[in-house]
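The structure appears below as structure tokens.
Every chain is named by a letter (A, B, C, D, E and F) in the order it is written, and numbering of its residues begins at 1.
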Amino acid sequence: MMRPSKRAQDELRAVTIERNVSKHAEGSCLIKFGDTHVLCTASLEERVPPWLRGQQRGWVTAEYGMLPRATGDRMRREASAGKQSGRTQEIQRLIGRSLRAVVDLQALGEVQITVDCDVIQADGGTRTAGITGAWVALFDCIEWMKARDMVKDGVLKDHIAAISCGIYEGTPVLDLDYAEDSTAETDANFVMTGSGGIVEIQGTAEGVPFSEAEFGQLTGLAKKGITRLVDLQKMAIL
Amino acid sequence: MMRPSKRAQDELRAVTIERNVSKHAEGSCLIKFGDTHVLCTASLEERVPPWLRGQQRGWVTAEYGMLPRATGDRMRREASAGKQSGRTQEIQRLIGRSLRAVVDLQALGEVQITVDCDVIQADGGTRTAGITGAWVALFDCIEWMKARDMVKDGVLKDHIAAISCGIYEGTPVLDLDYAEDSTAETDANFVMTGSGGIVEIQGTAEGVPFSEAEFGQLTGLAKKGITRLVDLQKMAIL
Amino acid sequence: MMRPSKRAQDELRAVTIERNVSKHAEGSCLIKFGDTHVLCTASLEERVPPWLRGQQRGWVTAEYGMLPRATGDRMRREASAGKQSGRTQEIQRLIGRSLRAVVDLQALGEVQITVDCDVIQADGGTRTAGITGAWVALFDCIEWMKARDMVKDGVLKDHIAAISCGIYEGTPVLDLDYAEDSTAETDANFVMTGSGGIVEIQGTAEGVPFSEAEFGQLTGLAKKGITRLVDLQKMAIL
Amino acid sequence: MMRPSKRAQDELRAVTIERNVSKHAEGSCLIKFGDTHVLCTASLEERVPPWLRGQQRGWVTAEYGMLPRATGDRMRREASAGKQSGRTQEIQRLIGRSLRAVVDLQALGEVQITVDCDVIQADGGTRTAGITGAWVALFDCIEWMKARDMVKDGVLKDHIAAISCGIYEGTPVLDLDYAEDSTAETDANFVMTGSGGIVEIQGTAEGVPFSEAEFGQLTGLAKKGITRLVDLQKMAIL
Amino acid sequence: MMRPSKRAQDELRAVTIERNVSKHAEGSCLIKFGDTHVLCTASLEERVPPWLRGQQRGWVTAEYGMLPRATGDRMRREASAGKQSGRTQEIQRLIGRSLRAVVDLQALGEVQITVDCDVIQADGGTRTAGITGAWVALFDCIEWMKARDMVKDGVLKDHIAAISCGIYEGTPVLDLDYAEDSTAETDANFVMTGSGGIVEIQGTAEGVPFSEAEFGQLTGLAKKGITRLVDLQKMAIL
Amino acid sequence: MMRPSKRAQDELRAVTIERNVSKHAEGSCLIKFGDTHVLCTASLEERVPPWLRGQQRGWVTAEYGMLPRATGDRMRREASAGKQSGRTQEIQRLIGRSLRAVVDLQALGEVQITVDCDVIQADGGTRTAGITGAWVALFDCIEWMKARDMVKDGVLKDHIAAISCGIYEGTPVLDLDYAEDSTAETDANFVMTGSGGIVEIQGTAEGVPFSEAEFGQLTGLAKKGITRLVDLQKMAIL
């Protein structure tokens, strides 16, 4: 089996992370997983959602969007359609949950950080690139707060990163691009912390159901990929 | 550790499936997982979504809803709010994908079956009860079609059922009810076929991340539970 | 003239009222007028609409919904359509007005009771079954409040019930089912109190206009039917 | 009892009907019931709703709107609120049904006439003025079609007009203005044909329920009022 | 070149302004530019938008609407479409900005005046007729406030009026009607004060671009027309 | 007077145009006017809007969006708000009209080109940068079509570019950035062709009205700026 991109079975696409790409945001980066490019910005607001007011805890949430021509065919702009698709909502809920898993909301204080992940160009894996980049934007936002004595150390408890795996032409592979994703039999997304804990698992059989053993192989690939992504995050924030 | 319901770690709630509860639908059942009650109806329509027209294949889709007072506090009616929540869309997409995994859409012919899962009363696990009941409604709808020579045997390739597992007070348990679900550290939903293949996995750490070993334990519980649910489906359709 | 259901001209369908069908609601019942089945739940909330705040009066309101396959053909889910139809809004306004006609809102105190009427299965007369069942759910909700010393006696001033009548193949008949309703020349709904006062009348000629005399006959039938429904409510709450 | 307007119990407000007030519409009039002013336009379109296509029958429908400052306090514009209120939908459905009761839809041919009733100024009774004026606009639209040989005689089978009655300070009165409407115990709207048949009745007890005898008195007043309105329509179209 | 209306190149249509046309509004007029008829009402509310609260300044805003059959073909009602078109929003923002240019918002005090411009009949130039009439309604509203000692003199700093110009069959003309507007090569709207200052300019080439010299000619025509409109406003408020 | 950016009165910000920034779009560029960055993509679709079908003419349209944190404060995402603001609609209509002014729609054939202008970072002048960049994306899209023999030469008749001018602290200046735009007394946008014709003019007095002479000065600046922008477009497409 040869992957369309000629990558090895356990090989990530070229990943780059460029920080401070936004003049306005408290934290930002442009992350690329090959041809998938996601702009992540973290915005600090000094108010929390209504249901959290007065509890001396903060909140971290995320929103996700895709430019209309990020994809091969132009998609209708969600603002013009008048609503966000189920897919968009699913992804932004996932990003928010993932980030909150590594933030001490008590220590954050009564503020909200919104991380926007906007897909400038899509080639598969936008949600995993989004989570991985969102962590960097969040890191910089919290550094920004530290520099202003708004928070102490310890707000950000760990790294968080995400990767997809799948069974493509019968073989488990890491980091699906669009050519693989659109034909893979099984597709799974993993979100893990820097210390190796699992935060989210989502696996879907597109055609033939998969076995527990196969899922174990995918988990193994994911651990390897996420270890690498966390290293890249560490290098990016040096 | 004692579960609030005093069930054993690997014990399902009392599950009942009552077929033919709707005068109008081609297939229907009322499924109960303890105090969680979901009405499932399968509706046959002789037209497919626009993007599928003329391809001589059918479609199976699902919609999910909850009566406003299915829950402890009354929730706002989605029809009055003017849109379906992200959670609702996520669940109905999951149910649809799960059902399609066991249907031969080519053999179904150019028709659409919509399975509605409406939660009459909620006590945790509405999506897993929904999927398990939806299969029964779908089975009856296809039998209805067979009786009218609209399809041959083999349209429905296997059973499909779903169950939740979680880590509750440090212990892996099967089939979370609301009391457990609202405090569990980890919460996972499994969708599997009658022959044991995995179709969907969704696992979320609510607090502390979980390990691969813990996830393996949850998968083991889920396989046991789903084997039992498929047996109950078989008894229901005798 | 023979009615499709073979009922006498002034004969109701079989009516049953099952109380306490919801684990969560303060009051609830499942009411059946033949094949028309409506689930009614009363929900108590300790806040009133904005325009009523601080006036030491309560409010009773109603919402109405229909499961997508309650009817012969599947209808589009209103939550997915993004709005409630004119028909839905008309009916829920009618139910709310009818209930408020027999409640002492001053004596209720600054709380709101929302009665949800959800049609599980439809065969004509859903609004009249809804009003008749809503009264029972409301009764139980107020009993619930009495048991907690939240209100005194006298909040609920009378019974309220509703029935349809129509001119079917030239003959005035009581309690139209769907087969009659869809072809009746004239269709009228009556809402009356236990002491015989009229609270709402809605009469529509579908084809030929009707005369004052004919409307008098329909009113006579309705009085008879509602007397019987109030008796059934009394038996249900014994 | 003295009515706020000093009118006799069975006295209409001053009613005027001015035809041909629109440069563009096929039929139009400005109808005034005292300070209630409604602009009615009838628009002919050579296509029918999708569900009626190919059946060689036409359709008559109505829409209702109110300018934001037609009322004592400015109301939010429905176009800006993003939806029509339940009240608006209820009224426009009533106007449409009333008009269709006197039109031979077969004879109309496969076209649609939409009558818009826009309230320029409101002082109670906007729906009854709307129906009464809508008939005149519809009449002129059908005359316009006759002049172009699009239809024969007999499309419009009868007059239709509407009036409100109510029990105000214990006394049945005809044609409520806003001062009466806002405090009346009972409020009823009647829609009748020129030959005296009843097409729609809507009666609501705002406080104390009403008796069958009282409703009979209101019906008597309504018949008197509608006879007068039909005379005014006849004079208007001379 | 002969204009379809046979007007001279620099000739306005017949303009009339009728004040006090609304029983309820604090200020109102019906303005006619030929067959374009716009009802303008000014409504005073004792609260300002949230972002202005506590700043001891007032606000003037505008809304714009068109009756469905104001035009040659019936347009869909925006309330039924569920949103205001881009054109409607563009126009109401323009009217609001134009009015605020001549109001001392500090002197107005913490209140809001909403001017509604509703097009009863359209024949080109509805936005310019709207602005010109809106000023008269606003004037009367402020007079109403003065009569109640709510404001002093000087709130309204100047007149404001608007007119369209365009290049029609190669010739610059003043005050386009629909016949001209729909075929003009260039179309421009000017909003100016009574003392001749320019507040808004909007010019669009529909086909061939225009030159600076041509735009100068249009500006000259507009100044002439607005001088005349301001005179008519002065006569109307005598 | 010193401009905040220390630019000369008639000096543009640094303008750069980077072509082919999208893997998927038929034409694309990233245009920067200083800190204002707009991504422009042109998408070719082989179907035209319904009202244009069968007329053998094409269409060019535009959509505009802003990433939530393109601005100093995070703005609510329009897709989440459920509608596009009036400002967004106004801008996208302007971009579309501007582009159509230089396209021979007949020669384009029955296809539609949609140009998306998405603001990645905002610092004033997003609409003028958008139009200037949109032309480049459109140019490349038409070149793409030429290379596939879908169109001949002559579809694109001229360049189109846009710039803002304003009166800032009493002095007319070219190409306002946010610091100037937010306090300028007068703000005007000009859209002109490569041959110097004017296609759109929009001028607004924010405070004191402006004179015809002042507007002439702004027009002069704009011509100078647009000449320079057209030169930059020419260099970009070499």
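Here, a contact is a pair of C-beta atoms (placed from the backbone, for glycine too) under 8 Å apart; a residue touches a chain by one contact, two chains touch by 3 or more.
In UniProt terms, the chains line up like this: A, B, C, D, E, F = Ribonuclease PH.
Quick caveat: nothing in here was measured; it's all calculated off a predicted structure.
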Self-check item: Equivalent interface to B-C, taken from A-B, D-E or E-F so that over half of the residue contact pairs match
Solution: D-E
Self-check item: Centre distance in Å when chain C and chain F are each reduced to the mean of their C-alpha atoms
Solution: 59
Exercise. Averaged over CA atoms, how far is the centre of chain A from the centre of chain F? Could you give it in whole Å?
Key: 33
Practice problem: List the centre-to-centre spacing of chain D and chain F in whole Å, with centres computed as mean CA coordinates. | Solution: 51
Quiz prompt | Multi-partner residues of chain A (each touching 2 or more other chains) | solution = 82-83
Quiz item: What sequence of chains forms the ring when you start at chain D and head for chain E?
Solution: D, E, F, A, B, C
Practice problem: Quick one: which bits of chain A touch chain F in the complex? Just the residue numbers, please. | Solution: 22-25, 28, 35, 39, 41, 43, 45, 63, 65, 67-72, 74, 77-84, 88, 114, 116, 118, 120-121, 123
Practice problem: Under the touch definition given earlier, write down the residues of chain D that touch chain C in their complex. | Solution: 83, 86, 89-90, 92-93, 97, 101, 188, 192-193, 195-205, 208-212, 215-216, 219, 223
